[in-house]
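Note that the chains are named A, B, C and D in the order they appear, and that numbering of residues resets to 1 at the start of each chain.
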Amino acid sequence: MLKTPTIIVNYKTYGASIGEDGLELTRMIEKESEENWAVCPQAPDIRMNAENSNIPVLAQHVDAIEPGSHTGHDLLETMVDAGAQGVLINHSEKRLKLSDIEKIVDRCEEEDLTTIICANNPEVASSAAALKPDFVAYEPPQLIGGDISVSTAKPEVVREAVKKVKAVDEDVEVLCGAGVKDGEDVEAALSLGTKGVLLASGLVKADDKKKVIKDLEDGI
Amino acid sequence: MLKTPTIIVNYKTYGASIGEDGLELTRMIEKESEENWAVCPQAPDIRMNAENSNIPVLAQHVDAIEPGSHTGHDLLETMVDAGAQGVLINHSEKRLKLSDIEKIVDRCEEEDLTTIICANNPEVASSAAALKPDFVAYEPPQLIGGDISVSTAKPEVVREAVKKVKAVDEDVEVLCGAGVKDGEDVEAALSLGTKGVLLASGLVKADDKKKVIKDLEDGI
Amino acid sequence: MLKTPTIIVNYKTYGASIGEDGLELTRMIEKESEENWAVCPQAPDIRMNAENSNIPVLAQHVDAIEPGSHTGHDLLETMVDAGAQGVLINHSEKRLKLSDIEKIVDRCEEEDLTTIICANNPEVASSAAALKPDFVAYEPPQLIGGDISVSTAKPEVVREAVKKVKAVDEDVEVLCGAGVKDGEDVEAALSLGTKGVLLASGLVKADDKKKVIKDLEDGI
Amino acid sequence: MLKTPTIIVNYKTYGASIGEDGLELTRMIEKESEENWAVCPQAPDIRMNAENSNIPVLAQHVDAIEPGSHTGHDLLETMVDAGAQGVLINHSEKRLKLSDIEKIVDRCEEEDLTTIICANNPEVASSAAALKPDFVAYEPPQLIGGDISVSTAKPEVVREAVKKVKAVDEDVEVLCGAGVKDGEDVEAALSLGTKGVLLASGLVKADDKKKVIKDLEDGI
């Protein structure tokens, strides 16, 4: 389980996060920040990041499969063998079938992995919560990839997501999955009842990454 | 809203349910049975069935789209125009993404259509219930397409699904979506707390359809 | 087989093409134009259009399935029963797997249906041609849904598609699948070696549909 | 480009091919055999295999994407960074859209990677050949995962695939993608005009892997 409040950095498939470049960022986070961070490298880079840092590594996705004849699929056991301690599930760029989400959460539980289901609105968040993941990451569509941040946008939607998730299962924690760029955003997200944030380009594509890391860290 | 207890007949894409053959079955149901039935013809046959019978007609699927540039998709408004009064969502043969299921339920609500989300286990059933459809149709995988019926198989799983669904939302009703072949199965399903059944080949492919209809009707 | 040169009107899932509105357009085409036209209504509207006009009706899509247990799928046999004489395959809004395209073409051949595979560039067009459809509809991405028309945009790409398709199979004809708005565009498309055009919003969403039909007809 | 005749071993997502276990097999192949082999480990294991052996490593799949915001996808550049020299495309367990296959082949060409498109019948093989990959791997469905081998099954289908591929593009080579278990099968496949074979469980799940490697090697 991740230490909360948590800041999860999604490396996506950015050119700037491939191989050594991604590892360099992971090491920078490790050096600059406390223990509340986690990183999501691309599948071929998971082992490299897990072996060369102490930051928890999460897979960006796994498929709802068992070991077997599944060429080109992402197998949970292989992610774990490579060093993954958790999984992003149903990210807005990798939406999954409901039955597959349930199966992945179920399999992750057996392997004692941290599970984070992404959700695009409070209704989907409450549906995701019913599957008992560790976290639901609520990504308000109006905040994805734009310049609007959760600290300035209407905070009601995040509060509503937290409320709906808790109504279904008090044990499921909520993350803010979009609109986070600086420490102020982190603080705002936490004040709305979330236990952390998910961010990507705001850090991965930043010119002065060290400065962004410190700023985000200050928001915890 | 369908009148419960309900018996919903899924015509699938069976050769025996195409066009006039499907309509003949719809008329037979109308003649033999009371008002608790509904039928799910293929998309090109919806209008034909809706115009030539009083049995509620449901679409087998709609896509999570708005009117617009979506060649080859199933648009809710067109199904409604053709006469559909409800929609099967996330059938085991047409599994959908969680975010699409939510959008479809939301759009159906606006159009005042009956919504039935199919679910493959009690966990998925509770997750589906959080989206507030009218019904969750629980399809125990061990009962799909086989000879085992819900009246003889362990009934705990159906009871558990009903319990989990009601724990999330008392207003959502449960249907038994597999393992129903005769009136005894219908009776068993209802006794377990469901409000009806979903069946397909057991009637569509039956030699003596009239007999099967009467038998099922007796189970209500 | 469609009579060439052909003008195929894709009704997509536009709100303006649902049910009676679509049929009205079909009847208008029938009244105003010669026999070179075809229409692609939504699945629930195929029978209505086929029964109430003499214009060939094409399905916007079929799935690569046989009759059987495939809830919510588009079965070729049902489209044919409803009156479809051909199928759009792999439209840019409904891209298909290569193996499914092959299977659909193969099944259409058995049923003696006209097949039109859409392709987004000359390479895909030549690959599609190897599957021996009746037509390959080349949709230059730069012409889709925009204001640029094939008569003003660089015509080399269309010529190259025709050349590549003919190099693979001399019997496969090419259609221009984007950038057609008026008779001048139709004329330009035909002059580049195609045997017709595919259009949608340019007619379906037009204010004065009668005028657009006549103008397009003049381009033949 | 792979040295032909080639034997390509697909590690799939077998439990027996994860991490060190897969690497052990790669090293065994390197030690026992000549230079005609290649291996396809799972994505998280590509770097490990490429760094610790001289056997060419191929990715089991890449997505038709550019670097950017694509969480959970397989990016070509990352596979290359990890050491992949080529890619399996459209494997029977990971069928792709025609337009995506074309884009992947196109992108691989820019990166000078070996491309192998899998095909399920001679028609699909000829369609794949039109996209100008290095190889088309023909997988006769009747030979997949069964006990029938290409040396005993009717060889006409393989010969027909070779003929159809060469008719479209003389430069595209054909591999036999199913039904290969021993050296005799390799020999049979080569005698039918192919330039190599693709195999998986026959080696990955073998008890005496060393023996199987030697036997296959003898077939070249």
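Keep in mind that, in the parts below, a residue touches a chain if its C-beta (ideal position, glycine included) is under 8 Å from a C-beta of that chain, and two chains touch if they have at least 3 such contacts.
In this text the structure is predicted, and so the values were computed from the model without any measurement.
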Minimum number of chain-to-chain contact steps, chain B to chain D: 2
Option in A-D, B-C or A-B whose residue-number contact pairs overlap C-D by over half: A-B
Chain centre separation in whole Å, for chain B relative to chain A (CA means): 36
Distance between the centres, which are taken as Cα means, of chain D and chain A, whole angstrom: 34
Separation of mean Cα positions, chain C and chain A [Å, integer]: 43
Interface hub residues of chain D, defined as touching at least two other chains: none
Pairwise chain contacts, counting only pairs that touch as defined: A-B, A-D, B-C, C-D
In the complex with chain B, residue positions of chain C that touch it: 10, 12-15, 18-19, 40, 42-48, 60-61, 65, 67-75, 77-79, 81-82, 88, 91-94, 145, 200-201
Residue ranges of chain D touching chain C (in the complex, touch as defined): 90, 95-102, 106, 119-121, 123-124, 126-132, 168
